[in-house]
Amino acid sequence: MIDVQKTALIVSAHSADFVWRAGGAIALHAAHGYAVHIVCLSMGERGESAKLWRKGDMTEERVKAVRRDEALAAAEVLGASVEFFDIGDYPMRADNDTLFRLADVFRRLQPAFVLSHSLKDPYNYDHPLAMNLTQEARIIAQAEGYNPGEKILGAPPVYSFEPHQPEQCEWRPDVFLDITEVWDKKYAAIQCMAGQEHLWEYYTRVALQRGVQAKRNVGITSSRNIVYAEGYQSLFPRVTEHLA
Amino acid sequence: MIDVQKTALIVSAHSADFVWRAGGAIALHAAHGYAVHIVCLSMGERGESAKLWRKGDMTEERVKAVRRDEALAAAEVLGASVEFFDIGDYPMRADNDTLFRLADVFRRLQPAFVLSHSLKDPYNYDHPLAMNLTQEARIIAQAEGYNPGEKILGAPPVYSFEPHQPEQCEWRPDVFLDITEVWDKKYAAIQCMAGQEHLWEYYTRVALQRGVQAKRNVGITSSRNIVYAEGYQSLFPRVTEHLA
Amino acid sequence: MIDVQKTALIVSAHSADFVWRAGGAIALHAAHGYAVHIVCLSMGERGESAKLWRKGDMTEERVKAVRRDEALAAAEVLGASVEFFDIGDYPMRADNDTLFRLADVFRRLQPAFVLSHSLKDPYNYDHPLAMNLTQEARIIAQAEGYNPGEKILGAPPVYSFEPHQPEQCEWRPDVFLDITEVWDKKYAAIQCMAGQEHLWEYYTRVALQRGVQAKRNVGITSSRNIVYAEGYQSLFPRVTEHLA
Amino acid sequence: MIDVQKTALIVSAHSADFVWRAGGAIALHAAHGYAVHIVCLSMGERGESAKLWRKGDMTEERVKAVRRDEALAAAEVLGASVEFFDIGDYPMRADNDTLFRLADVFRRLQPAFVLSHSLKDPYNYDHPLAMNLTQEARIIAQAEGYNPGEKILGAPPVYSFEPHQPEQCEWRPDVFLDITEVWDKKYAAIQCMAGQEHLWEYYTRVALQRGVQAKRNVGITSSRNIVYAEGYQSLFPRVTEHLA
Amino acid sequence: MIDVQKTALIVSAHSADFVWRAGGAIALHAAHGYAVHIVCLSMGERGESAKLWRKGDMTEERVKAVRRDEALAAAEVLGASVEFFDIGDYPMRADNDTLFRLADVFRRLQPAFVLSHSLKDPYNYDHPLAMNLTQEARIIAQAEGYNPGEKILGAPPVYSFEPHQPEQCEWRPDVFLDITEVWDKKYAAIQCMAGQEHLWEYYTRVALQRGVQAKRNVGITSSRNIVYAEGYQSLFPRVTEHLA
Amino acid sequence: MIDVQKTALIVSAHSADFVWRAGGAIALHAAHGYAVHIVCLSMGERGESAKLWRKGDMTEERVKAVRRDEALAAAEVLGASVEFFDIGDYPMRADNDTLFRLADVFRRLQPAFVLSHSLKDPYNYDHPLAMNLTQEARIIAQAEGYNPGEKILGAPPVYSFEPHQPEQCEWRPDVFLDITEVWDKKYAAIQCMAGQEHLWEYYTRVALQRGVQAKRNVGITSSRNIVYAEGYQSLFPRVTEHLA
């Protein structure tokens, strides 16, 4: 009964962002039965493939192919599907066709939650573009008058995953996701990113720091044994029936 | 097995604040088995008892007695216990004895969550004082070196309930609590506040507006039938195992 | 002497926004002799016409025609003129022609004040677009080198009217407009919006809440009898000769 | 009929603050019939009398006497009355007696508006203290239960006047007051401050800059001839019947 | 050995912005051996040439020619080179060609620091556009995959120079540059701007005010004799080996 | 010639804060000839000595003695002097005597820069108190009228060092200090804190992360070999003669 399976949507500006920033959330929800789908807007072929370019004898197509393979491998490790919009990076630009294509993904998936980038990032203008595109596509997918007759989208929560330099992006986590049980999968996915090996230990430390902070926010007397965590910032209020 | 009952703590600057601002949360959690405890720092005898004073022939003690009775009645309707610190209002001042008294309440209750005022309120300086007192008491109750040997406090989430003029207080709700099932109790508690009848319909409308907003944030396609809600602002990140 | 009549300009992203958010201001200033002109950038045909679409057997043109009629009726009730730019919604996009067209409206009207949307709205990307378009058109209309020889625009104050979920839009009212005397007209205009009946009572309550807040901000001892109000946020400082 | 004269209250942390920061507002409203009353919380004897101390052979009493005379002279030039609370500076501390004393001033004056310092100032901790004291005194004066039987205070608007380094104090003017017609009086009052001559030209330039900005905010096509202005930041929304 | 000369890049939306806002920084660094290069995105022909247009008998080309000459004269006085992208103003729009052109300037110059406008300016939408263009061009110039084989850009610090109404632009200076030694050059460059004489004294006063503030931030006991200064806001953290 | 030696002042709320948060800055400046002086306001005996208390058979005096010894050992490793104000923690309170005592330290030291905590910390109210005390003491030490005749303080820059959960404290680093050359000293000092061994690796990772970020902010093409760094937030603008 595939149609009752819960889904989640991750929108990644470049082909590796989803690994560093949301790999734990992807693996965790996949492990719990979610169909997690990743949209890579670009392969990060210009801006995030320095190691490949330095090898020399490269073309944009060859870089993209390598990056695509890495992303596919990482997604498989995490247990998610992935598609590539291939709209280019540095600079990234999204026209209405891209917007509608993403709105259609929203409609098809009807995701239970959505992850993308922070709304500000002075180091990387593609990142805010990706989140704004995601937000606007979500709005369009909610509109009865867009492709009338299709099932419209509800109001899935949207979260910003962690940018490289959080304070400079005015990003403040209000959710810590305990990813301890899937850390091995996240680290395996990280290792698929051969071209950015300098980031492997950086994001391992991020996960450990967020783990300590998560532990502190449940209280040191708690029996929850959190070692690794990911931080997220909610873009909308959540609705609940209990405050504990 | 009283000792495994979950508890909650509400810190109310004046004796009616808990009714308008958190009556739904109190009734809802009480209905679901929580022992909800309210600390009224003052009776609001000076600042929030205008109607009583205008009757004439009043003393502070008489005003306080009336307000105390109203608060007790409201708490009973909501299913909560209440105690009065009676530290005065307009201005409210808290010395270390008050701070430790509240820290001791934290230790005794070990609440699963905590509610108090917004951190800013240009219309009412007692309100931020109440929240700051709550936050500092929570910190002290967490310290191993405060009354060593006692069971220390964990890290219960803390929420600001809604002030009278939310935007002027820089208060932004990130949680909507569905209180539809207990609205009748909240409104009955509101009616215990005979001295502030001008606020009854105001806070009924607040609950309806927050209900509409909550409904919109779960999506108009949702089957959840939310009519009344309360808004809350989290002061700490929450820790979770799922993002949906 | 039509040329000395004061004017006002309202820029509404969708054809009903001006009713919910600024209907009181429009009716009030119209009643006091202003020529109030409304620009509807779109009819809200895709995003704000759910009820019409659900009727079935609809086309975008038919939806737009109904919405146009509703908006015309509402504007007439309020005493204002209206024109439709018809640039589409969900998503809304404005090219330079639209920008210049709006700048020309500014030049022609020479409005004494301007109303449009909040600068942020995570629920509706058309709204900030409308305000940014308004701001940029105002700037262009002020430039001596745009259509040289025309009378340039002064510096009319610009206000954001109230969005659906004010705190989520970082909207903070710094002006409350007393609309008590024209409330009947605003409510009559609201009733023209047959397609969005679910919002009638919502915005009635908004007006009542802002009325209570306005009353509190003039002081409960004031003789001003405010029941209904609208909130506005100023985008520029005002210049005055007195502070009372 | 003195009892119908409009009044204004200025709360100045040190004895010269009211001159630099609000001298124009004082002179302007005095000229228009207001009884303007200034409360100097201290003489600025420690922190703002460097020139006097450097003369040598000084005591705190002698410094205070000189500063008091300067303030009296400046107030006279501006047309205002002044009283000195003399609670000391660097550091300034206000106990409940001071708070009630200021609340009583509010009750007695029933001011139409109130001016004091910015809520933040990393260069001068006495300044935010003065504004917080002012805000809390205003709140107490509004409370029916404070000295019951007295006429309670309404809700006069409160403004922060300009600090020395506005951006560092997170101060943003939302009101420009045209003080062109009383500039000569303000400058005469400034010249009473013999001990701080280094600030005379600084605050003359402030007035000129704010004048240019005010002119720009009414529009260069306006016939208003503004040369000197003072900037103010509102702490509460204003209530109005027109937006132009 | 020209290739070891340090360079700096200034991106000016209109042809006079660099004079008012960064003339001191340009002259100072030029005097100290930097090759300072200015990119004027437009001549400000529509929006900042009111005086020329009012002369009558003007065309856009003639206005641009005059403005270009003024800018060239000012740059020469300051000791800098200048190029004109001539992309138009009011409104300014930048396509990808302009973006890449500016990225190429970054690559060619390898500037040690970069100056442009504030990220917000409600009075002038061209200004934030210029800074965002500058930031994105810098990012692209850093990308190994943009024009592979060229020497990529490092991470030069970027500063916002002072807008006309700083507080309204949420601009806060965190750096004061002492320009006392080159003030005569800056004022000479200012005098080249014949079309905007009304701003000469305004920006002279800005320099004096920032000078006083700079002096205060080094301490009145300092021997540094600062009279004129410019304020800047950093967009990135700086990296240092000492905190004094 | 001790009197020309440059000095620095660190104000630490609890006896270990200076190690985790500023140990690198202390060691670096000490190595470069500064006399670095640390004021520990408390020993952290209640709030930050959990491990000691859990040993049992403890008194506050014994805890304080152990913590004092640890702090002395750490300071010696770093090359700094330390004094203990011993004003207690959880809650920390500072009276005027403490304020003047710290102002006297400022006057005596005449520090070239000052380090203390962030201005907000919802997890620890002692931390903002320490910074506010530091700021106010600095202001008093600048006042000619405080202990007239003494040499007044200039305007040394003040920085907030890194709190435990930076984003929750609204702390944003605008300075990265390269501490690579003294990391071994910092880590040796960290190891003196036997009672908080759970934090050793946490703050090692903080130093590594800030190192990566510092490296990125100088540009990956830079020859600077930064491995470990500390982040700081400036509370005042800096004054400079160059922008590179």
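The letters A, B, C, D, E and F name the chains in turn, as written, and every chain counts its residues from 1.
One rule holds in what follows: a residue touches a chain if its C-beta (ideal position, glycine included) is under 8 Å from a C-beta of that chain, and two chains touch if they have at least 3 such contacts.
Source: prediction; values computed, not measured.
Shared contact partners of subunit D and subunit E are C, F. Steps from subunit B to subunit D, minimised over paths through touching chains, total 1.
Touch-path distance (fewest steps) from subunit A to subunit D is 2.
A centroid comparison over C-alpha atoms places A as the chain most distant from subunit D.
If you average the CA atoms of subunit C and of subunit D, the two centres end up 37 Å from each other. Taking each chain's centre as the average of its CA atoms, subunit C and subunit F sit 52 Å apart. The set of subunit C residues touching two or more other chains comprises 50, 123, 142, 168, 173, 213, 216, 220, 236-237.
In this structure, the chains touch in the following pairs: A-B, A-C, A-E, A-F, B-C, B-D, B-F, C-D, C-E, D-E, D-F, E-F.
Subunit D meets subunit E in the complex at residues 50, 123, 164-168, 170-173, 202, 205-206, 208-209, 212-213, 216, 220. Within the complex formed with subunit D, the subunit F residues making contact are 96, 99, 132, 135-136, 139-140, 142-146, 148, 235-237.
Those residues of subunit A lying in contact with subunit E across their complex are 45-47, 49-50, 53-54, 58, 60, 63, 90-91, 93, 122-125, 168.
Of all residues in subunit D, those touching subunit C in their complex are 6, 8, 25, 28-29, 32, 34, 112-113, 115, 142, 152-157, 159, 173-178, 213-214, 216-222, 224, 226, 229, 231-232, 234, 236-244.
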